[in-house]
Structures are given as C-alpha cells and as structure tokens.
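First chain written, first letter: the chains are A, B, C and D, and each begins at residue 1.
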C-alpha cells in the first residue's frame, strides 16, 4: 500500500543505499506533510481564535477587516491542506496565495496584539507555503 | 441594511441621476454576484458529476488525474465563492487560481467526453473568475 | 448520460405513460434538488450577512452566541448540500441536524431584527431539510 | 487571553487546590481537544487514502458506495472539527452523526482490506465523537 502517512516522520539518517531519485521522492513527501501540518495548524488556530478570543473580546478584534482576514486565513489554509492531501496538481498555485493571506494575517494579528499563537502559526504556515509554491512541480 | 442581496438583479436602465461612483459600486456588486453564481454553479456541477456520473461510469472517468482535477475544481470554486461572499480582500487573488483550475478541468472533461454540462460550467466560471481577478480592487 | 442536472426543473404535467417507479425516482430527484437549492441559498445568505451586515453593524450582531450560530448555519448548510450532491447515504441524517441549526438561526435572527432575508432563507431550508430527513431512504 | 490551545496537553496531576467546577471546565476543554484531534486525523487519513490509494488501486476501491462513504467521512469530520473549534452549540448534535459515518466507514474499509490506517482513524474518531455526543452540554 503506497498510501502516504500523515504522521510526522524523521528523515532517514542512512541513505547510501538509496538512489538519488527515491531520496528526492521521500524528501518531497516529507516536505509536503510539513506543509499540510502547518496549514492545518494555522487553520485551527485562526478559526479558534476568531470564533472565541475575538468574539469574546470585541472592539478591534471584531472590526470587519481584521475578522474577515482571520476567517479567510482559516479557510484558505483548510483548502490548501485538502489540495495537498488530494495530491492536486494545483497545490503549488494555491499555496502561493495561501502564503500571502497568512503573511497578511500575521501582520494584522501582531498589530492588534494579544494573539501570539496566531502570529506564530501564520508565520510558520506562510514560510512553508512559500517553499511549496516555489518547489518544482 | 446594506447587506448585498444574493439574487440576480438586472442593471438599472436609467442612471442619469446617479453619480459615477455609485454606479461603479453597483456595477462591482452585480459583477461579484455573477462570479459567485458561476463559482457556485461550477462547484455543484463538478461535485455532482464526479461523485455520480464519474464513479458510476468508471474507466477513464476515475483515472486519478481526471478525478482529482474534478474534485479540486469543485473545492476551489466553493472557496472562491466563500471569499467573495465574505468580501475578503484576497478574493481577486483566489479567483486567479480558480480560473486556471476551471480552465484545466474544462479541457480535461471535453477530452474525456460525455460531460458537456461540466465543460460549460467550468468555462463560464473560468471566464468570470478571470474578469474578477483582473478587476481593480 | 445519467448525470442529474442541478437546474430547477418543473414536474412533468403528463405522466400517464410513466411507471409509478420512475415517477417516484423523478420526484425524489426533484425533491433533493429543491433541498440542495435551499441549503445553498441559506449558506450564501448566512455567510454574506454575518461577514458583511453583522460585522459592519456590530453590537448585538457580533455577540458570540449569535455570530457563532450564523456561521454554524452557513457551514452545515454547505455540508448538507455537498452530501446530497455526492448522493451520500448519510444525507438524511445530516439534514436532520441541519434543520435544527437553521430553525435556531431563524429564531435568533428574528429576535435581533434587521435580517429578514436571513430569517426567510433559514426557515425555508429548515422546512426542506426536515422533509428530506423524514423521507424514506 | 482565554483562547484554548489546540496542542495536546496532559491533565494536571495535582488539583487539590482547584475547585470542582474549574476541574470540570479543564476536563471539558481537554476532552473537546481530543475529539478535534480525532476528527482532524480521520479527515486527513480518509481524504488522503481516497484520493491516492483508492484512485490508484481502482477496482473495489472506486466502487461508488465505498468511495462516497470515504469522502462523506472526510467531509463530516472536517465540519465536526470546525464546529468544535468555533465552540458551536450544535457540536454535540453533529458529533452524533459523525460517529455514525465514521463507524460505517471503518466497517467498509475493513471489509475491502488494505486500509488499516483508515480503519483505525475512523474507529478512534467514532469513539471520540460518541463520547462528545453523549456529554452534557
């Protein structure tokens, strides 16, 4: 069964016996799983923060531009993860837009303050999606 | 209440009394609703065709590349519609990718054959999303 | 091609030549398409109202309980539509929960006021989903 | 900031100083996070398996009933996770249906064979959702 695992796995420490090609394939799979994990984490943190912390706190946290950005970030991260899980040939294109949304969300959350976990998840996801977007397909 | 309606509405036939600005705003709203409708229609047709016609027919219709493209098209159309409904500032960016996926899906469905409704919905959505992507934001 | 259309179609006015069985099948298809349309409409109106009218108006419109209900209603309507479009054998079960959420959302929107379109879409979807949930599978 | 974390956390080993009420609240939060994790894992495994292993293997793996069940399971797990992340008051109701879909998917995957990871993820999610559905709200 060739089904890729979804758990985190460490890179093999010994690989002298493996061909360059299979190493590249293993690397690509590991790379994509990292991006799926980052997208999934960012989706969860943004949705949870918006629908709990932001709604409960009010004020700047529910200003339309900020709240929409949080929800857009949550949704595109979910879709990016789903494209990668489905091995869609458009994963790289979607990751490029996802990186932009995450970057904007990180900046906005830092500006408003009190959402450090969100800032970190967005920055990490933006970085991972940028790498995925730039990878050869 | 400023909530935009989601029903189709015709353009006003008389507008000499309206300022250019408000006309542009009405045009933009009408324009976005057309794109939401096209995305929504494409989402429905692709998902329904993949999960019914393709699975029931088998053969080329369930080859991984084709089936993944149908499902990717359904999902990105849903997300594009949601971004526009939410008035996300990244709607235009997402529509650009959505147009590419729809275009590819239209080509693939025509090649395989027997999915005319899908070809039409994808082409119409691709055209609408391209216009949205190119519009001034 | 057996692919069900997603457009609205009128019931045949003459059917003396059709067997009872095929009539039942046509009725079921028409019935499901009505429910898909109602779910889709409710999803759009709830999401658009929450992310535009509610965020722009503030006050009671962004109180956590109300806003969460609007977003839950939008999401479960989307999922219910997708289950039916995919011909999932669990469509009826999901429609039962969808009807409850829509009913609660209609009540809450009427109480807060200024969201008549939302109240109507939720009530119509609740009624359609209740019928779908109670239908023989 | 009261935002619940999404990472796994162990239960406190000492709690004599805490009131019964706050212990219950901590327990409920931990309990929900476990269910979110189970839903998220099941969503990922089902989607990845369907769109890779099943499409690549063909035969019984792309028979309509099986494939639809895999995709229904992936989607309802995603929605259940989102309801819980949003603290929706209908989380328990949705988890009840999610448990049924996961249970059916586990049975079907075991019957077809070669999808052990999917069987495990579905069984674990079904158990977690059943507990959530039965919990006092």
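Just so it is clear, contacts are C-beta pairs under 8 Å (C-beta built on N, C-alpha and C of every residue); 3 or more make two chains touch, one makes a residue touch a chain.
Quantities reported herein were computed from a predicted structural model and do not represent experimental measurements.
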Open item on the list: Measuring between Cα centroids, what's the chain most distant from chain A?
Closed with: C
Task: Numbering shared by both copies at the chain D-chain C contact, with half separating same from different - done: same
Task: Chain centre separation (chain B, chain C; CA means) in Å - done: 20
Task: Averaged-CA centre spacing for the pair chain B and chain A, given as whole angstrom - done: 24
Open item on the list: Taking the mean of the CA coordinates per chain, how far is chain B from chain D in Å?
Closed with: 31
TODO: Give the residues of chain B that touch two or more other chains, as numbers and ranges in rising order.
DONE: 51-52, 56, 64, 68, 71, 82, 86-87
- [ ] Please give the residue numbers of chain B that touch chain D in the complex, ascending.
- [x] 51-52, 55-56, 58, 62-64, 67-68, 71
Open item on the list: For a test of understanding, state which residues of chain B touch chain A in their complex under the given definition.
Closed with: 64-65, 68-69, 71-72, 75-76, 79, 82-83, 86-90, 93-94, 96-97, 100-101, 104
Task: Residues of chain B touching chain C in the complex - done: 1-6, 36, 40-41, 44-45, 47-49, 51-53, 56, 78, 81-82, 85-87, 114-115, 117
